[in-house]
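Heads up, the next two complexes both have subunit A, just with different partners, subunit B and then subunit C.
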Partner chain A sequence: MDVTVEYNDIDRFILALQSRYNVIAPVSKDGRFIFDLIDHPSKVSPKYDSTLLPPVKWIYPNDEALLEFDLKDAAKIKEITESNKQALLFVHPCDVNAINIMDEILAEEPSDVNYLKRRWSTVIIGYECLGPCKENILCFDKSYHIAYSGFDLFFTDIGERYYVQVASSTGKEIIEMIGGLKKAGFSDKTELFRVRDERKMRFKKSIHGNMDMLSHMLKEAYNDEIWNIEEKKCLSCGACNIVCPTCYCFDVVDEICPDMEKGTRYRRWDGCQLHGFCKVATGENFRKTAAERVRHRVFKKEVYLKKRFGRSGCVGCGRCIDHCIANISLIEIFNKVFDRVREGV
Partner chain B sequence: MPPKIGVFSFTSCEGCQLQILNLEDEIPTLIEQIDIVNFREAIDEKGQDYEIAFIEGSVTRESEIEEVKRIRERARVLIALGACSHLGGVNVLKNFHPQGSWLSTVYGRSDIFSDTIPTKRIKDVVPVDLVLPGCPIDKREFLRFVQGLLLNIKPRLPDYPVCVECRSKGNVCLVEEGKWCLGSVTRAGCGAICPTYRDACAGCRGIVEGSNIESLRNILMEKGYSKEEIRDKFRIFNGLEEIQNLL
Partner chain C sequence: MPATVVGVRQVTDKEKLFTISLDNGKNIKHRPCQFVIVSISGVGEAPISISSPPTDSGKVIELCVRSVGNLTGAMHRLSVNDKIGIRGPFGNGFPIEKIEGRDILIVAGGLGLAPLRSLIKYVNNKRKRYRRFILLIGAKRPADILFKEEVTKWDEDPGIETHITVDAAEPPWNKNVGVITGLFKYIDIDPLKTVAAIVGPPVMYRFVIRELLAKGIFEGNIFLDLERRMRCGLGKCGHCQINGIYLCQNGPVLSYLEAKKLQEAL
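Showing the complex of A and B:
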């Protein structure tokens, strides 16, 4: 049964949530927003455009400990899996969809135990986008501006109050725990449908081409010169990878205790745009040029993941565009690909 | 037998030696495993028998050249410790001014005795086996280097730029705000400490392999920095590196 939460009741909602979970919510940071552990409901900014890092990073943290080892006895290995009961609050549909994609990728055998354990102890509370949050987005083109699953609760601002869709047994428990919330009535539902209906008028397409054809078009453009043009700009700094909500590559590093007896193995976020990413032990580099690397990033999301899971691995959040200081834009690349294939170049 | 280690200092602020001493919690355990025979900032002993030498500082005097050569002859492994030793450090800035002007600028007169010469990196004088970069060095990285030597594993430096660490921390990018920062072409490993405190990365850990200097120059020029300003930013730490033709 769905409920409504009055605007002025939101602090009580968050406080109650904090009694059971570590609440991770959008907070402002140096003029932008970031998902962070909050100590007080007043810190939360429900109305945010996008966050510097996607919320999924709280399920897939950087420098996560994987195991402890013993330098004197190689057989003594202790696996580390950690999880806290956490609630990701006010997650936009693109990021909910990104978590769905990550779930699918990381649950594939051999499954990522560390990710799954954290994921199972994470509650996701979505927040509807009734219009574009900013420029440089492709979520509407990809129909990732709406989330149909992957959340426990989902907030929609219907004026004076939020419509809260209860989508799981955990979500139901939370609503019961908070208590005193009104059941959503006919007028609330009518309002929900109305604001959702208006949504499609506010979003604009960024790509002038049929997105279902994108994967095919990219394959046509595999040897196109557009990748060489991007190479001149690309700094190979990896920012696009780090801010991406569906990038999951990591490297493994060992830290040894000063006593030289024990150590810990961590995983550290890695990125396919970095020069050393494809360098192997004997010194060969399988993607030496930035052109190959930029092309790989695009193909990974739009061709390879699409082939494996039947949908694009890019949710169109636009973080990689916002945070590329060299102005490399997926929107520009996709439009160029459509143009060039159309022109028969 | 614990390996014998010497820590030597040339022209520098000696902050990298201090970083080693800042490993306060680890030092008691560390000195059980290594034998420090020469380390001016820490001990009185001036042992000349060592296998591993860490050299801090750059060479800026004629007399220092012979001293560095002597250390190289004695040490099996020579490690450049910190930006001055690795890149020449800020000491290189004097190389961009006429040779005669240094003494009069600093001392007000140029007729005092000094064997000062244009700044050299240690690798310009003798072969260097390993580099521990940074201004100052990262004390944890020093620890990893020593552990690597004890385990006979070549210590690995990050081969990616500072941006990776900076973005991973969820920092707001300085360049996005229109400011300068060399993090996108500089070797990581510092934890992006400067940009995390909203200060530009000046490139103290050196230029990372595979970096695109021309693109960063173009980006900074679009933000309104002149070619000269950009060149000067690179000169803070990388004035001797082979990138000057790209600026």
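Showing the complex of A and C:
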């Protein structure tokens, strides 16, 4: 049964949540927003545009310890799978969808135990976008601006109060734990439908083409000039990989403690845009040019993942566009891919 | 899985052959051309092809390693009784059952013999299940030929048609000199019955495939063992991805029919 939470009741909601979970919520930092562990409800900013790093990075953290070893005794190895009970609060639909995609990828056999363990101990509380959060987004084009599943609770601002959709048994438990919340009545539901209905008037399409055809268009453009043009801009810094909510490539590194006795093996984020990503020990580099690497990033999201899971691996959050110092834009690339066909190249 | 080095042998001046046994006493059940991920605490992990065939007394595996990177360098410093970690085996391996009753043509360039040795020895142990057995081996110099005693033995075996070439050599070398594709003029194959397996340096593949196609071998009967950088072996870390597939899961053995659809494969 769905409930409503009054604006001035939200602090009580978060405090109660904190009693059981580490609450990770959008907080303001240096004029931007990040998902961070909060100590007090007043830190939370429900109205944020987009965070620097996506919330999924709390489930898939950088430098995740995989095992501890002892240099003196090679047989002494301890595997580590950490998990904290955490709640991701006010996650936008694009990021909820991104977590769904990550779940699909990493739960596929052979599954990623470290990820799944964290995922199982994570509660996801979504927050509806009733309009575009910023420029350079393509979530609307991809229908990823709405989340249909993959959350426990989902907040929608319906004026003076939030409509809270209860979507899982964990979500129900949380609502019962908090207690004293009003059941959503007929007028709340009507209001919910109204604001959701108005939503589609506020979003604008960024891509001039049929997104269902995108992967076919891209395959046609595999050897096109587009990639060489992007190569001239790309600095191979890997920022797009780091901020992407569905990038999951990693490296495995060993770090030794200063005592030279113990050490830890970490999983560290890696990026397919970095020059050495496909370089092997004998010196061959299987994706030598930035053009090949940019193409690989786009194809991985739009062609390869789409083929495997039936939907695009890019949720259109636009972080890679915002953070590219060379102004490489997926929107521009996709539009060029469509224009190319329109011009009959 | 914790494992122990039970033997180290210098194969050439650059490569060593390690014999590894699992500490739990279990058998690593592998197929030819599969690989394991070797782990040394404090150094890291790297994928290494298994050089021994599954038909040998299964308790140990052999890994032929050239010292080129961090982990392989550390491996070269290992001695008998040292402990390492082994994960795997990973990959699909060679379709040994499907090709029974066929002529087998093996093309091994340089270090390509390391993974192919497992297939060669397997076919040799089950010789009756296969028809002709042709072996083409190429190396830079005579001193670089891996497993020299075994190669000599194969060369002398009347059941195996062996041709060996090196890029450059001085006397007393009395075999061929030149690239591996030069050996194709010596062999006469039945294209409808032949299955080819190719492993070698990346540059070698397209030239060898061209020769094989010219001989009329069906694209689906040309098998390539493609090696890439690998980290996890689980189809997640992304390093071994060529176009849509992860080599550690869907490879490393692909037929040319499959590989030619992947623009990044060759």
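Methods note: the second predicted complex is superposed on the first by the 340 of 345 C-alpha atoms of A that agree within 3 Å, B and C clash if a C-alpha of one lies under 4 Å from a C-alpha of the other, contacts with A are read in each partner's own complex, and residues count from 1 in each chain.
We take it that a residue touches a chain if its C-beta (ideal position, glycine included) is under 8 Å from a C-beta of that chain, and two chains touch if they have at least 3 such contacts.
For clarity, every value in this text was computed on a predicted model and none was experimentally measured.
Annotation for the three-chain superposition on subunit A: subunit B and subunit C fit side by side. By the touch criterion stated above, A:Thr282 is placed in contact with subunit C alone, subunit B being left untouched. In the superposed model, A:Lys85 makes contact with neither subunit B nor subunit C. Look at A:Lys134: by the touch rule set out above, it reaches neither subunit B nor subunit C.
Judged by the touch definition given at the top, the superposed model places A:Lys307 against subunit C, while subunit B stays out of reach.
After the superposition on chain A, the angle subunit B-subunit A-subunit C between C-alpha centres rounds to 70°, nearest 10. Within the superposed three-chain model, A:Leu274 lies in touch with subunit B and out of touch with subunit C [touch as defined at top].
Shared-chain residue A:Ile256: touches subunit B and subunit C both. By the document's definition of touching, neither partner reaches A:His208: not subunit B, not subunit C. By the touch criterion defined above, A:Pro110 lies against subunit C but remains apart from subunit B after alignment on the C-alpha atoms of chain A.
Closest CA pair between subunit B and subunit C after superposition: 6 Å apart.
Common to the subunit B-facing and subunit C-facing surfaces of subunit A are residues 71, 256, 279. Residues 69-71, 74-75, 77, 105-106, 108, 110, 112, 222, 248-254, 256, 263, 265, 270, 272, 277-282, 284, 286-287, 292, 296, 299-300, 303-304, 307-308 of subunit A touch subunit C in their complex. Note for the complex: subunit A touches subunit B at residues 29-32, 34, 52-53, 62, 71, 232-239, 242-243, 255-256, 258-260, 269, 271, 274-276, 279, 290, 322-323, 325-326.
Those residues of subunit B whose C-beta lies close enough to touch subunit A in the complex are 25-26, 29-30, 33, 143-144, 147, 150-151, 159-161, 163-164, 167-168, 170-173, 175-176, 183-185, 198, 208-212, 214-216, 219.
Across the complex, subunit C meets subunit A through its residues 2, 23, 40-46, 68-69, 72, 82-85, 201-202, 227-229, 231-232, 234-239, 241-244, 263-264.
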